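As written, the chain order gives the labels A, B and C, with residue 1 at the start of each chain.
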């Protein structure tokens, strides 16, 4: 299975309305050739609709979709040459594994010997060599998913679309499959669009993530930047844990509770803003350390042991309630003042995110 | 609010083409229904409309309501409607009384036994109406099996007149209509969540109380659907009263047939037909409002 | 007998206290199934009168049936009408069901309702209306006339069976097939149809039985050389009652049972 010439995807002004509800709202999106892009969002956000439009199963009201230089938005699904993997695998139960995988090749008039060779090769690629004669109901969930995958790539499509393919699997299997999908993608280099509502999955697998809500792209960025530099409140809240404090910004300076907060990437805003903190980015400081910038003082109101981490609930001076997450090893526990005791927290300048007050 | 671009093609590219594609697809799908639709329209709907137009034509060909007037004036027509409603209502009532308990027991049976019993319900369902009516003719006659048994067991001394009358017809109609009631009721009962009865028992309800407050109300949709189907289909009975009624049971359908076959009175038959269809449609409409049309359409088939 | 005191339901009612219910159910079940079976032994009765149970056994009525030109003609007509009705109504219902399943929406509901009307309209009206039209179209007593009339009665039945199967069918398989390169018709034929096979076979069998068993419309529309079994039977019942009718009935029961059993056995999806 050689490297296929993959295509970039260009989406312009894609709109789809169901009555008064906009499933897609003038969406613009550029996917690089060979990229693994995840569409991430809550249910009803439009991510699946977008995928279905790319596949050709949902007809948008207006918009343009280009695979490379070819306009495909009006092209019938069977002419688009995309490989698709559904959440429920959608394997053909009246055919065995080999027949399922051979299906797209037969449709393309590939010769019998060639079909056999490529089916075997695809099965090897998904680590199911020799499973060709099995019937679908003899397979486990993970195996079915891999057959669906093999079927979707055996004909060397230039784009692969996946609609929450791992949601039906249990946690351990899901995590193993995530890595396998990633490995497969690196091997084949096909442009892949992946839909999920699981942010951890998105962060693990993607080259870039498009966070989608209410039919709009809220942010399109690499996983690291999405996590560290959310562009708006929705993205900040949807990915990872977050807390927001009301702060004042004047002349490029941010102040909270009478102290300065240094912000490495200060946006051009003024007045009342929101400071976003992630619980795991706050450091517990020694009470005796001198007060410098980026220090928050508060009182511990609760402490929850969560296995791999310790979660502290803290009430700050101005009444805001935030969480702090720290290691649960001996050293970590030793650092924590008891419930009801004062606590001093430190925030790195790079970890301080400023968002406009109206939610961005 | 979003600002809209001045040029529609920039902010809504391909809109016209996509709309065209959507329309084309709809037309193809409609086209798939066209053959069946044409057949039904040409062979049934058009002729029925044509037929009903006859009800408004007097014998000399002029527009007139005389056929409808005659329906109201002549008492024999009233008799037909009364008999029709009597049979329909009694059939429905008896079918409920007999069918509901059977459906209940079937719904509690393990899968294999239930499948077997369902076959027992479906087989008569798909055996010709005529064969079943004939069977009852044989069983209910004076020297028939029922009378022979009754007399042999000393239940009665003279052979009872069980056929060629109202009772015989009723036995036949109940027999034909029972599966129409059992199937929807059974279907609904199977979908009742067993844990609800558990919960009722848990909360201290006696078996009778649990049944009437929990199970019965949940089975009501199926029961109502079945009862309405039975009633609607009973209105149109023809064969069973003709064979088992001995001429004494003349439902509206029988009257229509007689008016045509014996009197060649198409006008009267047509008027009667209009009334019968209107009545049927009223009941169907009421049922559709009460239950949702899909429930009714999902379970019936004409006798 | 210990079974009697075991609880029968969640509310701890015992089987013993519900025996009356089981007895009633058994009686109703017997009421449903047994009467029809009466005609079978009757057809083997030697007597000329309708008697059950038969005192002497004989095949004379079968011989009479096989020797009767009229009955054999009617048998041929009924089977031909049934087969042709199946060939007409099953594909038409299949196409309509698929189209409606894809369309959804208000129009689909209206069309579905229209296609179901033949079984809502009292059958006597269908009979006389079709007869009235056929007189003018010169289709009375013709096989094609019977087939067309029976088809409109069979289409609603076939439609409901197939539509129900399509509703519970996982359409994403057809979508996948299309994404893999099959156009809509090919995807339907290769993927969907094999999987709704059971419903289509059932629809075909029920279409046949709808025509084969049909009485009222056949009374008006069939006749002469193309008279159906049911029409002849009905007239025979009104004129003279001879046990040949029992023979015909037995044949019809056997045909129904075989077809239904066949549909159950051969319609099931293949097991690996």
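Quick note on the criterion: a residue touches a chain if its C-beta (ideal position, glycine included) is under 8 Å from a C-beta of that chain, and two chains touch if they have at least 3 such contacts.
Nothing here was measured: the structure is a model prediction, and the numbers come from that model.
Enquirer: Quick one: which chains contact chain B and chain C both?
Expert: A
Enquirer: Which of the two pairs, A-B or A-C, is linked by more C-beta contacts?
Expert: If we tally the C-beta pairs in contact for A-B and A-C, the bigger total goes to A-C.
Enquirer: Once you find the CA centre of chain B and the CA centre of chain C, what distance in Å lies between them?
Expert: Distance between chain centres: 16 Å.
Enquirer: Report, in whole Å, the distance between the mean C-alpha point of chain A and the mean C-alpha point of chain C.
Expert: About 55 Å separates the centre of chain A from that of chain C.
Enquirer: Do you know which chain B residues sit against two or more other chains?
Expert: Within chain B, no residue touches at least two other chains.
Enquirer: Could you please specify the touching residues of chain A with respect to chain C in the complex?
Expert: It comes out as residues 55-57, 76-78, 80-84, 86, 88, 90-94, 96, 103-104, 107-108, 135, 137-138, 151-152, 155.
Enquirer: What residues of chain B sit close enough to touch chain A in their complex?
Expert: Chain B reaches chain A through residues 2, 10-15, 17-19, 21-22, 25.
Enquirer: Can you list the residues on chain C that touch chain A in the complex?
Expert: 170, 172-173, 175-184, 186-187, 191, 194-195, 269-270, 272
Enquirer: If you look only at chain A, which of its residues touch chain B in the complex?
Expert: Residue positions touching the partner: 12-13, 15, 25-26, 59-64, 71, 73-74.
Enquirer: Spell out the residues on chain C that touch chain B in their complex, using ranges where they run on.
Expert: 8-13, 21-22, 24-25, 28-29, 31-33, 35-36, 38-39, 42, 49-53, 88, 92-93, 95-96, 98-100, 102-103, 107, 109, 111-126, 128-130, 132-133, 148-149, 151-153, 155-157, 159-160, 164, 206, 209-210, 212-213, 215-216, 230, 233-234, 237-238, 241, 245-246, 249, 252-253, 256-257, 260
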